[in-house]
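Across the two complexes that follow, chain A remains constant while its partner is chain B and subsequently chain C.
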Partner chain A sequence: MSMVQNFPFFSIILAMFSGIASSVLDGKRAKHLSLCVIAVTTGMSAAVLRFCMKTGESYTYMMGHFPAPWGNEIRAGALEGLTATLFGLVMFFSVVGGMEHTAADVEGSKQNLFYIMIDLMLSSLLALIYTNDLFTAYVFVEINTIAGCGLIMIRQKGRSLSAAIRYMIMSQLGSGLFLIGLSLLYDVTGHLLMTPAKEAVAVIEAAGLYAVPMLVIMAVVSVGLAIKSGLYPFHYWIPDTYGYATPTASAILSGLVSKGYIFLLIKIFYRVLGRENVIASEIVNVLFVFGLAGMLMGSVHAILEKDTRRMIAYSSVAQIGYIYMGIGLGTQAGMVAAVFHMFTHSATKALLFISAVGLYEVSGDRKDFRSLRGAGYRNPLAGIGFTVGSLSMVGFPMLSGFISKLLFATSALQSPHKMLPTVIALAISTILNAVYFLRLVITLYSIPETSRGQAASPGKSNWKLQLSVVCFILLNLTLGLYSQPIVEWIGSGLAMFD
Partner chain B sequence: MDTPLFVNMEETVSIILFGIGFTMLMLHRNLIKKILGMNIMDTAVYLFLAVKGYINGRMVPIVTNQIQDASAYINPVPSGLVLTGIVVSVSTTALMLALTIRLYERYGSLDLDEILMRAKEEERT
Partner chain C sequence: MSRQRDDYEKSWWYRFRKWVDGEMDLLDEGMEIRVPDEMLAAMDGEGQDAARHPAENKEHTFSYDGRGIRYFRRFYQVMSVLLCLSIIFVLLWTVAYLPAFGNAGNPDNNEVSARYIERGLQETGAVNIVTGMILDYRAFDTFGESCVLFIASCCVLVLLRIDAADGNEQARKRLEEANDRLFEPKNDVILQKCACVLVPLILVFGIYIVLNGHLSPGGGFSGGAVLGSGLILYLNAFGFGKTERFFTEKVYRRLTLSALTFYCLAKSYSFFTGANHMESGIPLGMPGRILSSGLILPLNICVGLVVACTMYAFYALFRKGGM
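Now for the complex of A and B:
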């Protein structure tokens, strides 16, 4: 057994213990520890990816001393490695980019608590990606929820607190459904590990037993995770949550947390319930319809919104709709497109949130997007970052958003019944995206009507934010220009799921 | 009296309780009642798991008088899951109660709609 195979376990446990250690450190040390841990785990995830690509197969890692049907397991394959690497990168640059604002938004004595939440968030995301055990997944879903709630409420403003309670309520509804789904599944199959559970599901399906319970399990698990990731009719918590948290928290919550749940859902579809069974049960069609609705309604809400950050948050609703539409297509190509869009969205949305904050800094911190007039000249790099992010969301060639739209459109061609609605919704949604994103970009580069001296003070140069904006732009370009190998990795990773 | 709903009385009850808790958490405006609903929902799942793990006429799965035979004991896994689940629900309940206290101190109300309205007004001023 090679050393690299230990890395998934090491990265989860390292992130968790650094959270514990941060509780006795001061803010500054906790911050440095947190950044080190994120960097190290990202490196480890990249090593896991490289190892799995070289051997061409996934592996399971036994936790404790009980073998497969009883004990707990970690499983790593190409897709797990790739997702963990990308999440690590996005998290690192989000923390770096929002660092100054974190220091300003969080009380001095509570700085270390913020970084505890970051560490726990990292640990739970990695565990959701790597785990091969359903109940472990549930426990880490809850840890993720608690850490997410902590990240929102640590900014002690009225709106952040009310956003946190709404987030918590919606998340608990989702977790409750997920938990009852797991309990029913355990009841039917007798297993909590994904691999034996899938074998048991295959036996049950072949014998034609438990048709109704299996349908209920699929529905309940999908709806539970859809609520938690903010699919369209359950999106009411999103704008407040992303709009009023501190910038790092907004970037992490919109870019990573919702993706963690979607990744878990895809994993459960492939590794437990069986893709064919899920498609046969028509659950995917329901997800497809809600995905389409989300794509359109999210964009409409975003157009009606005045506050820039809430506008970006509503755009997240639309992008989550894209991902569920890809899953809903029910084909392998659709799934690849959905996973690729997951990566696109985490890189782009984090870029948008971080660069929007850079623009606020030079515009007197007002919320209305009209106050950003000319901000693109006052903070050029953040302006470029925001423009790149917007163009990527609209689907400009060379950027990652273009590739995901292309993948969605080509994969739609393979499923004849869903082709027309998909392509029409893609077209309309792209136009709607363009309406509100380009309106923002034009506002950024228009000369302010009032005297230019009023808010033109560039402020102190925030090099951390600049650095993270540059890195996010590069990440976006990498995803856009080197999409071919990444799409191949996703494809082989999904093949390892079966 | 021998319809499946009555034969599996415990499971039926736990699913009904789950529905009650879920609806309370979703629809009630009072935050404390929402938290109560969340607890009812979680407890219903634990009842379901505990019932599923129980086998009539067998012992608690703790080896005390040298009986090593597994067939003498009930299934220990659901009990373990319930214990883990209780820990999780205690921590989420604590977090939600703490948030509720904060919001009550700030807005003097437990009604979620009113809290959201006041938070919006506070931001405007």
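Now for the complex of A and C:
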């Protein structure tokens, strides 16, 4: 066994250990430790990706001295490595970009607690990506939920407390449904590890046993994880949560946390329940319909919204709808498109949140988007970042959003029954996206009224925010311009899932 | 013909309605529960905006009257009850199709539980198979669970710890308000005498549960909870002055840190050797002895410490916003 194969385990344990150690460090040291750990784990994930692409197969890693059905296990393949690398990059730049605001929003003596949350959030995301065990997944879903609550409420101002309560209730509802699904699954299969559980499910399905429980398991697991990732009818916690948290937390929650749950859902579909069974059970059609509804309704809500950050948050609802629509297509191409859009959205949404903060800084920190008139001139780099993010979300060529829309449209052509609704919803949703994002961009570059312009101070934001905006723009361009190898990696990673 | 009542405000119906609306507490001599306007404004940190652009914030501050809102709320209540009933029905319907409870041929009576039962003692050295499962076969999950406790106590720290050291006027005021130990009866003789008898027993029993986790039912989680409750009883009887002689925030941090660090390092070693097919070299000892079953005993002690500290920390933070 080569050293690289240990890296998934090292990165999870390292992230957990840094969280534990941060409890006795002061805020500054905790911050440096956290940044180091995120960088190191990202490097390790990239090495895992390279290793898996070279060998062309995935591997499982025993957590302890006992093999598969008895002990815990994690698993790494191309898709796991790729997702962990991208998540690590997005997390690093989000922490760097929002650093000054974190220092201002969080009480001085509680800074280290914020970085504990960040570290444990990283560890839980990595564990959700790498896990090969359903109960490990549940434990880290819990850590993820609590860390998410902590990240929201640590800015103890305004509505962030009520937003945290709302998030906690909805998220716990999702966890509860997920846990019910897992217990039912254990009852009918007798396994918690994914590989033996899948074999047991195959035997059950072949014998035609437990048809009702299997259907309920699929429904409950899908709905539970859909609530936690904010699919349309369960999206009411999203605008408050993303709108009132500190910028780093908003970027991480919208860009990464919801994607972690979606990744887990895809993994359970492929590695436990079996893709054919899920498609046969028509659960994917339900996800498809709600995804379409989310694409349209999220954009409509965003158009009606006046607060910039809540507008970006509602746009997340629409983008999560895209991802579920891709899963709901039920084809391999649709799944590739969904995973690619997951990456697109996490890179773009974090860019939007971070650059929006740069624009607020120079506009007197008001929420209304009209106060941002001319902010694009006062803080040029943040303005460019916001424009790039908006164009990517709308689907401008060269940027990552264009590629994911292209992938969605081409994959829709392969499934005849769902082609028409998908293409129509894509077209309408793109127009709606353009309405509110271009309205924002035009506001940024219009001449400010004299009365409001005086209140806003021109100035540059700190170099950390600028650095992170530049890196996010580069990440977006990379995803857009080098999409072909990434799509191939996703395809081969999904093939390794079977 | 009904007589018009002029003492309507004293009638039961009026008070009942007020209580239902949440404006009055019947138990508390009619104290009106209403948040002062200044406090509402202070609570709303984004309130400056609301004041500047009252019209734009309308959707957040609309008043709950009007027929539309009433119908909507009624509809909402009915639908939520219907939704709950339908979920209950679906879950019950599912249970009817599950394998019968306790049947020998059930899917969960497979090779997994067979090996745990037959070879658990030999492979983990723990007489109590449950402890062997959670701290050896599936130790990674248990480490995750300890981290859940750790992060939960961190969240409570974020919410409730008040730092007056910043010299912040508001924080000092909050500290004074939160510090309700000043108003409680001190030196309650009955409580203290009972605590004198009970606390040593509870603590010894908790330590017994933790140390015998691998031999008899119990272990870190349950023993830690017993230890924590003993500490809380001691705190209630004798006050913070006495407990702070041996349990301060510094002690709490050091205990949690060292317990979790030991767990992390020990299990990392075990996972690493296991995955790379090396011998761990940890002796399992003679089953049934206190010093047996390899890492399970120290891990139980770690989990017990984390659980006890977390319970005590929750209580102390809710009591006075610090430790």
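Here is the rule we use: the second predicted complex is superposed on the first by the 489 of 498 C-alpha atoms of A that agree within 3 Å, B and C clash if a C-alpha of one lies under 4 Å from a C-alpha of the other, contacts with A are read in each partner's own complex, and residues count from 1 in each chain.
Keep this in mind: a residue touches a chain if its C-beta (ideal position, glycine included) is under 8 Å from a C-beta of that chain, and two chains touch if they have at least 3 such contacts.
From a predicted model like this one, the values you see are computed outputs, not experimental measurements.
Participant: Which partner does A:Phe135 reach: the first (chain B), the second (chain C), both, or neither?
Facilitator: Both chain B and chain C are touched by A:Phe135.
Participant: Who contacts more of chain A, chain B or chain C?
Facilitator: So, of the two partners, C touches more residues of chain A.
Participant: Just chain B (first), just chain C (second), both, or neither: which does A:Asp368 touch?
Facilitator: Touch partner of A:Asp368: chain C, not chain B.
Participant: Touch check for A:Lys28: first (chain B), second (chain C), both, or neither?
Facilitator: Touch status of A:Lys28: no partner.
Participant: Kindly classify A:Met153 by the partners it touches after superposition: chain B alone (first), chain C alone (second), both, or neither?
Facilitator: both
Participant: Touching A:Ser183 in the superposition: chain B (first), chain C (second), both, neither?
Facilitator: first
Participant: Could you tell me if A:Leu173 is touching chain B, chain C, both of them or neither one (first, second, both, neither)?
Facilitator: A:Leu173: touches chain B, not chain C.
Participant: For A:Gly64, is the partner it touches chain B (first), chain C (second), both, or none of the two (neither)?
Facilitator: Only chain C; A:Gly64 stays clear of chain B.
Participant: What residues on chain A does chain C touch that chain B touches too?
Facilitator: Residues common to the chain A contacts of chain C and of chain B are 135, 139, 142, 146, 149, 153, 158-159, 180, 186-187, listed in rising order.
Participant: Can you list the chain A residues touching chain C in their complex?
Facilitator: Listed in rising order, the residues of chain A that touch chain C are 1, 6, 9, 13, 16-17, 19-21, 23-24, 61-66, 69-72, 107-110, 113, 116-117, 120, 123, 127, 133, 135-136, 139-140, 142-143, 146-147, 149-150, 153-154, 156-159, 180, 184, 186-191, 200, 210-213, 216, 244, 306, 366-368.
Participant: What residues of chain C sit close enough to touch chain A in their complex?
Facilitator: 44-46, 49, 52-53, 56, 90-91, 93-94, 97-99, 106-113, 115-116, 123, 136-141, 143-145, 147-148, 150-152, 154-155, 157-159, 161, 163, 165-166, 253-254, 256-257, 260-261, 264, 268, 270-277, 280
Participant: Using the touch rule from the top, collect the residues of chain A that touch chain B in their complex.
Facilitator: 135, 138-139, 142, 145-146, 149, 153, 158-159, 161-162, 164-166, 168-169, 172-173, 175-177, 179-180, 183, 186-187, 192
Participant: Across the complex, what residues on chain B touch chain A?
Facilitator: Result: residues 18, 21-22, 25-26, 31, 34, 38, 41-42, 44-45, 48-49, 52, 77-78, 81, 84-85, 88, 91-92, 95-96, 99-100, 102-103, 106-107, 112, 115-116, 118-120, 122-123 of chain B touch chain A.
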